[in-house]
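Some structures to go through are shown next.
Paired with chain B in one complex and with chain C in the other, chain A is shared by the two complexes that follow.
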Partner chain A sequence: MPVSLNYLVRRVGWSIATIAGVVILSYLVLVLSPGDPAVKWAGNPRGPGAAKAIENARKELGLDQPLYLQVLNFLRMAFTGDLGISIAYKKPVSEILWRGLAATLELLALAYAIAIPLGAFIGVMASLRRGTWLDGFIQSASLVLANTPTFWLGIAIFMVLSTSGVTAYGRVDTRLALATGFRSITGLYLLDALVQLNFPVFLDVLARTFPPALAVAAYPVGVCARVTRALMADALLEGFVQSAVAWGVSRRAVVWRYAFRATLAGLVQVSGLAFAYSLVDAMVVEYVFGRDGLGRFLFDSVNTSDFRLATGLIIVVALFYVLANTLADIVQALVDPRVKL
Partner chain B sequence: MMNKGHRSNLGGLGELARRAWSRSLRFRAGVVIVVVMVAVAILGPFIAPYPSDGWGAVPPKAAERAGKPPGPEFLLGTDHLGRDVLSRILVGAWLALAQSLAVISIGLALGLLLGICAAYYRQAIEATINYIAEVFLALPAVILALALRMVLGQGIHVVIGSLLLTWWPWYARVAYVYARSIAEMEYITLAKLAGVPGRRILVRHIAANVLPPVLVQAITDVGSVLLEAAAINFLGLGLPPDAPDWGIIVQNGFKYVISMPWISLFPGLFILLTALGFSMLGDSLREELDPKMRRRWRLWF
Partner chain C sequence: MRKGPLLAAIGAVAAISIALLLYIWYLQPTQRAPALKVVVYSYLDVITGIDPSIEDDTGIVVLGSVYEPLLYYDPVRGEHIPALAESWESNEDGTVWTFRLRRGVIFHDGTPFTAEAVKLSIERARDIYRETGRGSGYIWDSVEEIEIVDDYTVRFKLAYPQRVDMLASAIYAGYIFSPSALEKAGVEDPLDPNLERWFNAGNEAGSGPYLIEFYSPESEVRLRKFEKWWGWTVVNNPDAPDVVIIRIRTDPLDQYNGLLAGEIDIASSVPRANLGDLKARGFQIINVSVFHNYILQLNCRRYPTNVTAFRLAVMHAIPWGELVDVALQGFGRLGAGVLPYNFPGYDGNLRYTYDLDLARKYLEKSGVKLPVKVEFVYQADYEENAAFAQLLKSRLADLGIDVELKPMAWTAVKEAGKEVWSSPENAPHLIINDWWPTLPSPYDYLYGLFHSESTEWNWAGYSNPVFDELISAAYEAEGRDYGEAMRLYRLAQKMVYEEGAGISLWEEIRPFVVSSRVEVPEKALNPLYIYVIFFQHVKVRG
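Up next is the complex of A and B:
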């Protein structure tokens, strides 16, 4: 077992401490934001009963307690998965964000299912033809991809599709979903449609997820290609690869089974970190393509001044970041026996 | 890397740039792009064909001018309010550079200071700084921008504040790692034994050697910060909707993307080109600084 229990405990403890810091920080947003949350909660009451209604709302929200108790209370709630009730939607924030997170994860998963194999393949090709025009082209192209504003790329894809008559707006064709009796259980439409053997909906969801996924994939394709190229260049010079060549192992086996395997751990770690980074890209692209993901709720929370939703969003995104980074490190250790944690 | 790092200081950085210039095509291309963009940022308001359009004023004959495709009169077309897109891009160039350079320079200074302090003083200071850095590393800039937008309202402080808070921890970490390895070297011990005061060791012996590699990293990051700032403005979290920021111009054109695609197309190209220029500059400098060091993109750990 390359991952020691001791490391795991320390890592998890550190992650919890980080999340706690974020939760406290996000509570400050709630406290410092303009306007009295109790007034909002009571629905901006007017007339003789107003003072009483606001007082009741203050009690209900726990705002009559001292600040440190409020923070502690909020921490306790957040760690039990209760993020309060959204002011605009009048529904539990955790429920709204869970649905949003599922949509965003679906997009990210598809994007990375495209990006990692493609990027790795391109990187291996470049490393095998180092110094040629192909290598130069791949290097420049991946640099351009990594510096392309994702929202702009999303708009460009959206525009090209719209002018050629393809609709990629939203997550699923509502009429089709109703007609075929599609119901979402997990919030991951692709998975739900597959489980229910609802192939028309599955294809529709896929067709609508693919274009935004391409926009999100641009950055990780560039990153994976460059990292793979650099790691492969080192791996090809290693003793075990050289001796495999000397033993007369076929070129394909040397490249993929020996050299490429040695680069896997690095690739996993980098794509894990990029995955967390891509979350923001995915949110922006969701806004462009009108998908009901975290990006849409980010936009909504600003436009309706829904502070509860905003603080919930901050916490969920931080949780996602920390989880992705921790998992990337652990998977890296599992893939590469040289890494000891 | 380390033995080179010891001799080199800021003067060494000029030497480094000279070597990169003679060897790397990418470096030369990066220099050209960045110099042109800086020139545009400074001269933008003067060379713009319709400066008042650029600042966001709606021209008197707006209805006649609205939605013109690129042509001889309006090189990059006009937007839905009849404003010349080229003028808006040129006038907005300084905003793009000002936002990213402000974030990088302040973030760099803050990160260096805290990172080196953490490495030198250790114990409680080290733990505190590491913890705060960790918390801010768990938050993407867009999300912090959302928080600041909620509390403080729209404005440039949202963009700069949120990016600053998310970028200083990277420099603090890099500086911390370098500074720790330097702080354990013999010449630091010797300096301590010789009675050199702590502050002087920090500045003259540690900071001076940490600076070059971190500075090279920072040049690359200008591009990344520009991209993030554009995204924040695109989402409407940062600058007000009339500002000539490139991200906001893309946002303005987004609603008309089918009928007037040029409004969003061109400012996006400018973002791409500028970010690419800084990336190429920093990349090739880093290769020159240490050919063996692998590029880690925005991700250090």
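Up next is the complex of A and C:
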């Protein structure tokens, strides 16, 4: 077994410590920043009893307690999975988090469905034509892609599509969804449409998710292409690949079954890290494209002093990082017998 | 095995599948359901709650279509519009009011509307306020008893004279809900917090023209036409929307993009710079004067704005003639006094002049040594505030007053403003407050913004017992002598004006942008019920 129990225990321990650190830090930053959450919780009262209402709200939210008790209480809430009721929306934070997460994940998943195969393919092509103009072009293009600010790319794609009359705004055509009786079940519209066999909505959602997914995919395409090229260049010089060539194995098999397979472990590792990084990109891009998701909810929650929702969103992002990294390590160990965890 | 035939087969299956999907895509929507009349209204703020007795903030955009009060008030014509009450009368001294209710009204859950619902709804709003200070139930403070005379008659007995017809048409705290809500929420006591949770979970018990079908206050609220609404025969609008979607779009640019994409039909808050472009593309711009005004308040408890002559110097250094054009790009009306234009008690004479010589005289009289620095706090995401701030900074610099601009998020502005009471030296010298009324009475504005007990919103720190006494007397006079009450309110405003504690800078003219698919007639927008669109009057074309 490439993954030891010792590794898992250590990893879980570090993950818990990381999440706890994030909770404490984000809680302190949000609660101590200007703006009184109690005002929002009390409903912005304006009558003669406004001060009383706000004072009551402060007690209900536990904001009248010493800061260390507030932090401890919030930590307990976070680790029991109950972040309470959103201050701005008066709905359970978990419900809002899931809606946002589903929307963002859908975008991210499509972006990576595009990015990984494309990045790997052009990386392999470049490695096979090292030193040619194509290799130079691919290297330069992937460098540009990996370093282009995603929000800028998102705005550029959105503007180009808008001016050419292509609709890329929002997640689904409202009228189409209503006319076809589409219902959101999981919050993942592509999946929901498939489950309901609602192909018009499926295609519409796909068409609207594709442009922002392209913007999000730019960074991982660039990274994967560069990493694949470098790993492939090494792999092609390995003894087992040279032997396969000497044995007369076809060129395609040598490239894809032998050399490329040897790059998979490194590719998975880098993709995992990039995946977590791209979550933030997706949050920015969805805002540009008028899509609901973690990005917009985070922006609105900070603006409304909704520290419960904002902290919840930050926890989700942190959790995502931790999980993506851990999974990348485990998958790397599973695909590469040389790696032991 | 040869791969050619296999690949060909896979290709053929893929091609057929795509063709089938496209066929379904184009044909299925029209075959599945008749075309619905849909209107998407994008609103700039998140929905903070939909409890009809407690909510006194942005939930109004939903409540206004789902619930009904006894009466509406048209401030432009100065008349009431019957809603759940058909007629009403009071005794001579305004302490007993009798309302005869509309028959044949049913709530969305099928429960008939009777006097019991009126008593329950209004008492709940009043009592929650008395117990917790929450909501706008304070407007019912004078109500001692609500007597159910019969199923369709209620009598309000008051502790002191009041205009209950005005209270009944308030923006908040006047909505009537079905008594069946208690059973559905599993509570017996109307004040049980579980009833509030039940409402805020997306449930409702209204009688209005639309019912809530989907409630997600962070992104979208979907309303469905209530076919059994009593008013459909009255409004006679066969083109009224079947479905209304209130879409939360907190970024004005996002609203603009949504309009261009055809995903938004009515937008409340598009950047003003984009209005010309939208007009050129065939969108209609409806300019609505709303009772939402912006009040400049000066800190009366911190040097140098605690010196009356200094405050008046500042007031006379504001280029009033340029204000609307520079700050609002023409979408506004110059303010006067404290109250907005057309609002009861408005006094258009309470305006300062832009006169730098006079300002210098006031400065000299104030004894404040120049140069002096003052802080100015305003809400950062209101583009008009930022434009005004720059204008003010440049003009006060001419007098030797250095203005430090402090743009902040709204929650931070409020916190800074109310510090005038707890720590005046840390509160800004100048601040912009904005206000829209809960009920059509000047008391709402004058108490909230300048009464010495209103420590949450009186950001001037203005404390004047004579002013307090005057507006209280005016409020009580409303029920017996409305004209006298308005005179007293004008006197109170003059007091604030002469002391330079605050002034209404401008009143907003809100440009609603409407797509060609939709027609929004005048009666669908009432300046008193800010941001509420009465969708029963809206027409969907095609």
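The rule is short, and it goes like this: the second predicted complex is superposed on the first by the 315 of 341 C-alpha atoms of A that agree within 3 Å, B and C clash if a C-alpha of one lies under 4 Å from a C-alpha of the other, contacts with A are read in each partner's own complex, and residues count from 1 in each chain.
What we mean here is this: a contact is a pair of C-beta atoms (placed from the backbone, for glycine too) under 8 Å apart; a residue touches a chain by one contact, two chains touch by 3 or more.
Keep in mind it's a predicted model, so treat the numbers as computed, not measured.
Within the superposed three-chain model, A:V223 lies in touch with chain B and out of touch with chain C [touch as defined at top].
By the document's definition of touching, of the two partners only chain B reaches A:Y321; chain C does not.
In the superposed model, A:G131 lies in contact with neither chain B nor chain C.
In the superposition on chain A, contact of A:F299 is made with both chain B and chain C. Within the superposed three-chain model, A:R46 lies in touch with chain C and out of touch with chain B [touch as defined at top]. When the two complexes are overlaid on their common chain A, residue A:M283 makes contact with chain B while staying clear of chain C. In the superposed model, A:P149 makes contact with chain B only, not with chain C. Contacts of A:P66 after superposition on the shared chain: neither chain B nor chain C is touched. Of the two partner chains placed by the overlay, only chain B lies in contact with A:W14; chain C stays clear of it. Chain A uses residues 33-34, 158, 162, 287, 299, 305 to touch chain B in one structure and chain C in the other. On the chain A side of its complex with chain C, the touching residues are 33-37, 39-40, 42-54, 56, 86, 88-91, 96, 99-100, 158, 162, 167-170, 173-176, 178-181, 199-200, 202-204, 287, 290, 292, 296-297, 299-300, 303-305. On the chain A side of its complex with chain B, the touching residues are 14, 17-19, 21-22, 25-26, 29, 32-34, 143-144, 146-152, 155-156, 158-159, 162-163, 223, 226-227, 230-231, 270, 273-274, 277, 279-280, 283-284, 287-288, 298-299, 301-302, 305, 307, 310, 313-314, 317-318, 321-322.
For chain C in complex with chain A, the residues that touch the partner chain are 21-22, 24-26, 28-30, 32-33, 35-36, 38, 40, 46-49, 54-57, 129-130, 132-139, 197, 200-202, 216-220, 243, 245, 248-251, 254, 257-258, 260-263, 381, 408-412, 414-416, 438, 447-448, 451, 453-457. Residues 131-132, 134-135, 137-143, 146-147, 149-151, 153, 223, 227-228, 230-231, 234-237, 247, 250, 254, 257-258, 261, 264-265, 268, 271-272, 275-276, 279-280, 283, 294-299 of chain B are the ones that touch chain A when the two sit in their complex.
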